[in-house]
Amino acid sequence: MIRYIIKRIILMVPAIIATSFIIYFAMNMTGGDPALTLAPENATEQQIEEIREELGLNDPIYVRYGKYMLGMLKGDLGTSYVTKRDVFKTFMERLPNTIELAFTAVLIATLIAVPLGIYTAIHQNTWKDTGGMVFALFGVSMPNFWLGLMLIIIFSLNLKWLPSGGKEGIRSLILPALTVGMGFAALITRTTRSAMLDVIRQDYMTTARAKGASEKTVIFQHGLKNALIPIITVIGMQLSNALTGSVLAETVFSWPGVGRLIVDSISKRDTPMVTGAIIMSCVLMCVVNLVIDLIYAFFDPRIKAQYSRKG
Amino acid sequence: MTDKILEVKDLVVQYVTDDGCVEAVNDLSFSIGKKKTLGLVGETGAGKTTTALSILNLIPSPPGEIKSGSIMLDGSDVLTMDQEELQKMRGNDVAMIFQDPMTALNPVMTIGEQIAESIELHEKISKKESMERAKEMLKLVGIAESRAYDYPHQFSGGMRQRVVIAIALACNPKLLLADEPTTALDVTIQAQVLELIKKLITERDMSMLLITHDLGVVAEVCDDVAVMYAGRIVEIGTAAEIFNETAHPYTEGLFNSLPNLKQRGEKLVPITGMMPDPMDLPEGCSFAPRCPYATEACKKANPGLRHLGGSHYVACQAYERENFKLGGEQ
Amino acid sequence: MGKILLEVDNLTKFFNTPSGQLHAVDGVSFQIEEGKTLGIVGESGCGKSTTGRSILKLIEPTGGKIIFDGKDITNYSRRQMRPLRTEMQMIFQDPFSSLDPRQSVMQLISEPIIEHKLLSGKAEIEKRTLELMETVGLAKRLMNSYPHELDGGRRQRIGVARALAVNPKLIVCDEPVSALDVSIQAQILNLLEDLQKDLGLTYIFITHDLSVVKYFSDDIAVMYMGQMVEKAPSDEIFANPTHPYTKALLSAIPIPTIGKEKPVRQLIRGEITSPVNLPDECRFFGRCDVCDEAICKKCNPTLVEISPKHFVACNKIAMKE
Amino acid sequence: MAKLNDNNEVKSRSMAQETWRRLIKNKGAVIGLIFLLTLVVVSILSGFIYDYDTDIIALNMGEALQAPSAAHWFGTDSLGRDIFARILYGARYSLMIGVGAVAIGLVIGVTLGAIAGFYGGAVDQIIMRVVDVFYSIPNIMIAVVIVSLLGTSTVNLLIALCFTCATSFTRIARASVMTIRDQEYVEAAYELGLPTWKIILKHIIPNCLSPIIVQVTLLIGTTIIAASSLSFLGIGVPSPAPEWGAMLSEGRQHIRDASYMCVIPGIAIMLTVLALNLLGDGLRDALDPKMKK
């Protein structure tokens, strides 16, 4: 098992190198000449050339990529063209906000969705099921940013209960977290329901009932435990999505997270910032995916056995 | 007190779906004596598994529904029990062995836990004690105690079926329902498992309802036999009566279809046609359309069980005719 | 002695698995005369299906020779095999998965005729299809039905009709009745027997059910872990089972009689393991009651003729001879 | 099963007919289907009713920011344009981008997925590793990056969106081809002597269609949301086109004084996607073999 984890971590290296390579090239090939962007309006050819030299733009691109990767090992992702600040530091400043939002949203979603999914599955084809599914259906059909706008209209403009944006204390977290969480909740509900429905039809459920186990034990002990893998998968995917930044919710609520950092930097053509932030997000996502894969092993002995064999 | 452990009377079970109503079990009556084994024989769709699940009151509902009838288990009616009584009964008084050992075990629990769960549910003992008991059960069915901490995927089909048996027998039930316990297994493994079941129920003075399509297995294990066709019992009696004085045309057809009784070169005599659609059973006797002895009368009314002597009953109108004998009249 | 239609010599098929090389079929040899039936019997995982599929070149054999009707087809490519498909056909085990659910009965049965251009013209093809449906006992009105509307027995009849459509000489039947109910089984077995008589077909009948083979086969070969352990004419093998595995297999079948004397059951212990990374010992060694550790653990026995046409692969018996 | 009795007249239904019969029994799916058909008709008709230059984008500052009334059912926006007309006219953008991106993604994805699933081995490994990388990155992020690299235009938006559709179809097509490939009827086709290409076209692809059809419906919905999200961020369909997401973005500026500008386009998006999801769920149930007995 431990060998498997080490192997997976080692395997992450080429994956990160490949992704960062693609991103670095894409960004630097299409971003236009940054020297022109950076130079003052009335700069001479000489000055522009100096800036190029200073930024190392005259080296061939693979040399620049090599230097960039070496820098990355030291936590140096370059300097923003716009703010002149260290990219890595900026990213790390924004990251806690994104993590805060992501975890709160996923937590809200899970707390609502998993019980609801189980409940609808148990009451399949009754009005309770239909009600739950209509909720989930609206949830997945609604554009997330629109839900955010609606929440602002209701709770901050009309009722004036909560702030409509920014980040000041716990109260400003509620609306963004609800917005992101509701979209997730809909998806998790649907996944939980269909996973539970698959499991409910299994023979071992009848075995458990035939033993004399109560319906509660049957559903939770035998049912849920077997349905967990797809549920964990979807929760994990939502979490890794949220960690790369819920761009839209962050925009709607002016939440100073990673997602907005990327979108803002794109619109300002801040190539080092965009490249750095996206590469860091990918690293983060790799780590989250690894953690989820390891959680699988915790719940399913078959997957654990598989890992041990591969390890 | 009677000497019967189980008495099923006039049981009717239906499955109601969008496409129509399936009459899975119709007016079913039979009983099992203490320490006796009854074989319930029939082909796919005859209603055998539904019968077994009804005894545990475990018909999946919806779509299934027990319409009427009574199932007396050692004097109390399973169909009127409340949830708590049912849970107390299941696994403790009546236990079940399922057909497919590959799917009957929970893949994310160790087999030790699964056996112990059964014991914990019915006896007030600690987790540790129940695990010890589970290990004893494993030894009893021929699996090393050390494997109690393994998961189902680490076992072969035959071994898993042994685990299923261990779960069923963990609380010393009075009645064992075995639903095609050896069908999914290879012949040599089938023989091992069958011997094991036979040995254990004799040792523990248990009764058994053995559901199978294999007349060979019935001959090996059962004291009494009931033959089912399209949700009804068409013939019931002691094994000797059914095998040696076969009375129902369907039972006769089953025997004639078996290749292993025949010498080379002799032709099999299959039953013509096929099982009727359970959603659209023919009027009168369900077997009439396939029956070589059927007359117009058979297509009108459903035959009741007729006593032939001993404990032998048959549901066939042909016996209204004088001197009717299978194979003889035609 | 009739003409030899198929000769299989030392056929092997190995699969590479994560845990090592799997000897699915390991040195199997036999011959079949035209118009006869060879039954191949064994439990799951013994390599009987792999043998059948290798003969039809659905699986590329690892080694050995397959000679069909005088031609060595061992190294035939898929393209070279194509014309031969009209001479050798297969009936599959599962009538639920072996028919394309999107084709009607008519399309299913006419597909081989159209593919091999055996007939041209819509009317001709339809006529032949209806003829085939009648041969296998499918009512004409089912022509436009789809497999999901039919029961197992009828589906298997479609499978038989498809195989017959090209007028083959050899049909490999891979457990053709094991998915069916007893009464339907008998219908299909009778159909296959009649067809053999009428059309002079040669069958390889693969099954786990000894009782079916006894009824059907001229010769029987018993397989265990990729190898043949016993091979003899049908009557001989039932009268004189010699290999300990054959004996156990025979006695394991529950006999549906009451009150009549039955042979004492010989249970064998343990279970079949998968033939991966095998040492050079008798493959039945771990489960055998009559084995002799000194010999059986050292040498994997080969088939020895103990009486005319009766071959057994057992060290103990070979020693006695 | 065993529905046919020898004495009964036979009424045969192909799988497609059977699916259709089950689908029209599903109320939600029927509602979704009707809504979508109406929407298609509306988006075609709106082209004849309204003139793009005069009715849709022409400024009319005199009537700016009027709340919904009899004259302007959905009110007017900050530039005095009738929101009702813009919503009807805007349906074509969402539909065309949704259908277009999914169609291109479908062709690319199914081809790649079928190759990966059918041949397996190294080809499969390479295709799937690449797809996995893109699949693990949130769709919206991929689209944001692509659009920002290529520049903002409707065509680039389409490219960005079909990219994520393609990865999703590749995964689904691969999985179902792998299942179908191992079915006995495919082996039976080989054994009949059919060449490989014929087997893929005649037996494998038609049997893989169910999950793909379901995915098409659901993905059109997801893509419509993604398209409007990008327009909302200002990198989708360029202004002044009446794309629903872009209208929402404009509405956001007036969330305090004209909240209907925020509410209405969102409802339009939601209903369209809801209809697609209802249809998709209905199709899934109708095609699900578990529903059959």
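Each chain gets a letter, A, B, C and D, in the order it is written, and its residues are counted from 1.
Just so it is clear, a contact is a pair of C-beta atoms (placed from the backbone, for glycine too) under 8 Å apart; a residue touches a chain by one contact, two chains touch by 3 or more.
Note that the coordinates shown come from a computational prediction; the quantities given were computed from them, not determined experimentally.
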(request) Count the smallest number of chain-to-chain hops linking chain A with chain C, moving only between touching chains. (result) 2
(message) Going by the touch criterion at the top, tell me which pair is linked by more C-beta contacts: C-D or A-D.
(response) A-D
(message) As a test of understanding: of all chains, whose mean C-alpha position lies farthest from that of chain C?
(response) A
(request) State, to the nearest whole Å, the distance from the C-alpha centre of chain A to the C-alpha centre of chain B. (result) 53
(request) Could you tell me the distance, in whole angstrom, between the mean C-alpha positions of chain C and chain D? (result) 49
(message) Taking the mean of the CA coordinates per chain, how far is chain A from chain D in Å?
(response) 23
(request) List, in ascending order, every residue of chain D touching at least 2 other chains. (result) 2-3, 6
(request) For chain B, write out the residues touching at least two other chains, lowest number first. (result) 274-275
(message) Where in chain A do residues touch two or more of the other chains?
(response) none
(request) Note which residues of chain C are touching chain B in the complex, please. (result) 43-44, 151, 153-154, 181-187, 189-190, 193, 208-212, 214-216, 234-235, 248-249, 251-259, 265, 267-269, 271-272
(message) Applying the document's contact rule, which stretches of chain C touch chain D when the two form their complex?
(response) 53, 56, 58, 78, 81-83, 85-86, 89-90, 92-94, 97-102, 104, 111-112, 115-116, 139, 141-142, 144-146, 148-151, 162, 166
(message) With touch defined as at the start, can you tell me which chain A residues reach chain D in the complex?
(response) 15, 18-19, 23, 26-27, 30, 137-138, 140-146, 149-150, 152-153, 157, 201, 240-241, 244-245, 247-248, 251-252, 259, 262-263, 266-267, 274, 278, 281-282, 285, 289
(request) Would you mind writing out the residues of chain D in touch with chain A in their complex? (result) 133, 136-138, 140-141, 144-145, 148-150, 221, 225, 228-229, 232-235, 245, 248, 251-252, 255-256, 259, 262-263, 265-266, 269-271, 273-274, 276-278, 281, 290
(request) Write out the stretch or stretches of chain B touching chain A in their complex. (result) 53, 56, 58, 62, 83, 86-92, 95-96, 98, 100, 103-110, 117-118, 121-122, 151, 153-154, 164, 167
